[in-house]
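Lettered A, B, C and D in written order, each chain numbered from 1.
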Amino acid sequence: MSSFTRQQMAARVAQDIPEGWFVNLGIGIPTMIADYVPMEREVILHSENGILGMGPAPAPEQATPWLINAGKQPVTLRPGGSFFHHADSFGMIRGGHIDLCVLGAFEVAENGDIANWATSENDSAPAVGGAMDLAAGAKRLWVVMDHTTKDGRPKLVETCGYPLTAHCAVQRIYTNLAVIDVVRGRGFVVREIVPGLSLTELQAKTGATLHTDA
Amino acid sequence: MSSFTRQQMAARVAQDIPEGWFVNLGIGIPTMIADYVPMEREVILHSENGILGMGPAPAPEQATPWLINAGKQPVTLRPGGSFFHHADSFGMIRGGHIDLCVLGAFEVAENGDIANWATSENDSAPAVGGAMDLAAGAKRLWVVMDHTTKDGRPKLVETCGYPLTAHCAVQRIYTNLAVIDVVRGRGFVVREIVPGLSLTELQAKTGATLHTDA
Amino acid sequence: MINKIVQSIAEALSGIKDGSTVLMGGFGAAGQPDDLIEGLIEQGAKDLTVVANNAGAGRVGLAKLMEMGRVRKIICSFPRSAGSTVFEELYRAGKLELEIVPQGTLAERMRAAGAGIPAFYTPTGAGTKLAQGKETREFNGRPHIMELSLPGDVALVEAWEADRWGNLTYRQSGRNFNPVMAMAAKLTVAQAHHIRELGDIAPDNVHTPGIFVSRVVHVVRGAPWN
Amino acid sequence: MINKIVQSIAEALSGIKDGSTVLMGGFGAAGQPDDLIEGLIEQGAKDLTVVANNAGAGRVGLAKLMEMGRVRKIICSFPRSAGSTVFEELYRAGKLELEIVPQGTLAERMRAAGAGIPAFYTPTGAGTKLAQGKETREFNGRPHIMELSLPGDVALVEAWEADRWGNLTYRQSGRNFNPVMAMAAKLTVAQAHHIRELGDIAPDNVHTPGIFVSRVVHVVRGAPWN
C-alpha cells in the first residue's frame, strides 16, 4: 500500500491554493507547503508575528535576526510585503481576512472540531500560541496530518478526546492516505484516496464514518 | 467691574500647562490657548484627527489641505510630531494618555458634570463629535467659558439642564471672571477672581454655592 | 499576478448593491475620496446607509447623494456643520434616519469590525442620552456601555500611494478614518494619488496592508493636493 | 525641553517596584529588549508578574529572572518551547503561577488596556478549556468569550530608532508585541539601536508616538543586529 510522504502531502495542499489568497501556514508540514507554491502564483503568506508577503528561507549568510517567521526561523520578504504589530496581525486573523490557515492536529472530529494544542486534560501548562486564534478566525481551516498515530490509532474521530482548539472549525483534511472534506450535517466526505488503497481499508483506519459523493 | 477677554482667558489657561504635557484643545477659545504657550515650553498638542505635535497656523501660502486640525483649519507640525489613524488617536484619548483636554461648555455642574454638545433634550440631531470621548477619556478636563450666558444666566450650576456630555468629568473651570476648581465632595472652590470683583458678586452670577479654601 | 489596480472609477465601484452600508473616509476634505463618491453618484446604488464623520456639506459629494434620495440612513458623529443644509432639510422632513455616534466610538466600532471583535465596552457616553438602549456595566468602579462593531459592505478611502497588491500609505492628517474603514468592509476601494511599483513602498511603512484592500484606482488631483 | 533619553540602563529602570506587572516585548529574539531584561535582573524588583509571549529559554534573561525567584506569575501564550527548562522546573515545583492566553487575545488585551477598553468579546477560545470561568455570550449566532484588558505597570520594549520625545520605529518583525505593550503600561522603557534628532523620523512613519513612551536608552547591539 502506498502512502504520501510529508513532501507529497505539502505539495498536494499547495495544488489547492489559488493565486491571491492570504494564507497562514502552521509549524511542521504546513510550513513546507510554501515550497510547493510556484513563485509566479502569487499567494501572500501571513505570519502571526506581523508579516505579510513572506518569501522562502534566505541563504544562511543573508539571514537577519530581525526577519523571522512564527516558528522563529529566518525568512525573507517578497516585494509588496509589509510589517505590522501583533494586535493588527491578529486582527487580520480574527477579523476573517486570512483566506486559509493550514495547521497540523492531534485529532479532527466529524463535526470539524480540532484538537492540536494539549495532549491531556491534565496538562496544565500546554502551549497554545496562536492556534486558537487561527482556528477560530481564518476564513478556511485545513488540517494536514498523518491519518493515524504512530501506533495506528485513528486521528479522524467522532469526538475529540484531547482538549479542543476550536469547535466546528475544520473544512478539509489532507492526510498521508486521503483528502477528506468536513461537511456540515454529513461529516467526513472522502475526495481522494492514495492509489492502491480501498475505501474499506481507509475506513478501517478512521474513527468515524466516511461518506462519499458517489 | 473688569472681566477677562477671550485672549486673556486663553492666556490664563496657558499659564497652567507645564512642559511635557500632551494636550487636546477644543474648538473656540481652547484653540487660542496654543498661541499663549511659548514655543520653548514644549507642550505636545494632540488633534483627534490623528496628529501629535501640532504647531501654529501656517502662512496662507504654506498651508496644505493634508494638514488640518479637528476644527478643519490648516495647521503645521512641529519636529517630533507624528500622524496616526482615528482609532489610534482615540485610543490615546480613551486610554488616559492625554494629560489635559480643554473644552468649551454650555454648563458645568458642581459635581463636575459637563454639558457641551446639545442645547435641548428635543434636539435629535446634535453634533457630538469627539466631545464625549475627550470628556470621558482625558486625564484632566478643564473648561474655559464665559461665567454666564449672554442674557446673564449662570453656566456654573447645581445640576446641568442640558443633556450631559460626561458625568463628573471636569476638574477646573476658567471663566471671564474666575478660576474655579471642581473638588469631589465639596463642589466649586474659587481659586482666583478678576480684580475688582468680590466673592459675593461672583456668587450672584453663579448657580451653585462657591467655596473657598480660606 | 495579483493586480488590484483597475482602470476606471466605474470599474472600481462595480457591483455595489442597493441597500449597502458604505463607509466613507476623510475628515474635512483631507483623505476624503471625492472622486469615488462622485462615482457612486453615477453608479446608481440607492437605499444606502452611509457611515462618515460628517453628514455632507454644500450640494456635492455626500450631500448630493443625499439630495438625490439615495441615502436611507447616516451614521456619523457630527451631522450639523457649516453648509450641512441638505442634511438638515432631509432630516427635518423625516426623509433620513440618523444615528449619532461619538467620534472615538465610531472609529473603534469599525476597528472592532475589522478585527473580529463583535462588541466592546467603553466609558464614552456612559450616563448620557447616547447610552439609551445600551447595556451599561461597571468595570473598575466606573460605568461603561457596550458598543457593537460596525461593519461595512463597502469602504471608499483615499490614499497617497498604492501598489498592485493594494498596499496603501496616507499623507499627514489624510489618514484619519481611512485605515479603520479599509479593515471594516467586505469591499474596500481606494483612490490613490500615486501608483507605485510593487516593493517601492517601504515594508516597515505600509499604513494599510493590501489584505484590507480590494480595488485601487489612480486619481491624480490637481494642486494643492499633489 | 522634553528629553526622555536617559544615560544608563539603571536610570531607565529606576523606580520599578516589587509586585509590578512587567510587559516584555519581543517574539523570539526579534524585538526582545535583552539589555533591559538584564538590567531588571540587576535592578532587583521581585514578586513580579511577567507578560511575554514565551516563558524564557536557557538560563539568561527572563529564564534567569525566574530562576532567581523574582517572578511570581507568567502570563504568556507559549510557555513550553526549546530550552524552557527553568520554567518547567519551577512550574512543576509549584513555584510559579501560569496564565495561558491565546496569542491574539494576549495582544488584544494589551491593546485594549492602552486604548481604554476594559473588556471585549472574542470568538477565540470559545468552547475550549481556556473559556472556563469566562463569560460566554452569543453574537451573530456564534459563541464568544469576554476578555478583560491587561494593563502593565512597566513595559520593556526594543526599538530600532528613537528620538527625545520618545517616538519609536521598529525593524521588520522586531515590531511584534512592542507597540501594544508600549500603549498598555504606566511606565514604558525603550532600548533603541539608533537615537535620531527630533524630526528625523518621518512623521508619517512613526510606529509608536512618544505619548506612549516614558524613557529611552541607547543600546547599540553588535552584528548581526546593526
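Keep this in mind: contacts are C-beta pairs under 8 Å (C-beta built on N, C-alpha and C of every residue); 3 or more make two chains touch, one makes a residue touch a chain.
Worth saying up front: this structure is predicted, and the values here are computed from it rather than measured.
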| item | value |
| --- | --- |
| A-D or B-D, whichever has more C-beta pairs in contact | A-D |
| Euclidean distance of C-alpha centroids - chain A vs chain D, Å | 29 |
| Chain centre separation (chain A, chain C; CA means) in Å | 35 |
| Centroid spacing, where centroids are CA-atom means, of chain C and chain D in whole angstrom | 33 |
| Residues of chain D engaged with two or more neighbouring chains | 108, 111, 115-117, 122-123, 170-172, 175, 203-204, 207 |
| Contacts with 2+ other chains: residues of chain A | 77, 83-84, 87, 90-91, 93-94, 137 |
| Pairs of chains found to touch, sorted by chain label | A-C, A-D, B-C, B-D, C-D |
| Complex contact set, residues of chain D against chain C | 108, 112, 115-123, 139-140, 144, 148, 169-172, 175, 202-205, 207 |
| Residues of chain C that touch chain B when the two form their complex | 27-30, 77-81, 87-88, 91, 98, 100-108, 110-111, 122-130, 143, 170-180, 207, 224-225 |
| Residues of chain A touching chain D in the complex | 47-51, 63-69, 72, 77, 83-87, 89-91, 93-94, 118, 121, 124-133, 136-137, 163-167 |
| Complex contact set, residues of chain D against chain B | 1-2, 111, 113-117, 163-165, 167, 183, 198-199, 201, 203-204, 206, 209-212 |
| Interface residues, chain B side, partner chain D - complex | 19-20, 22, 40, 42, 44, 46, 52-53, 77, 79-84, 87, 90-98, 137 |
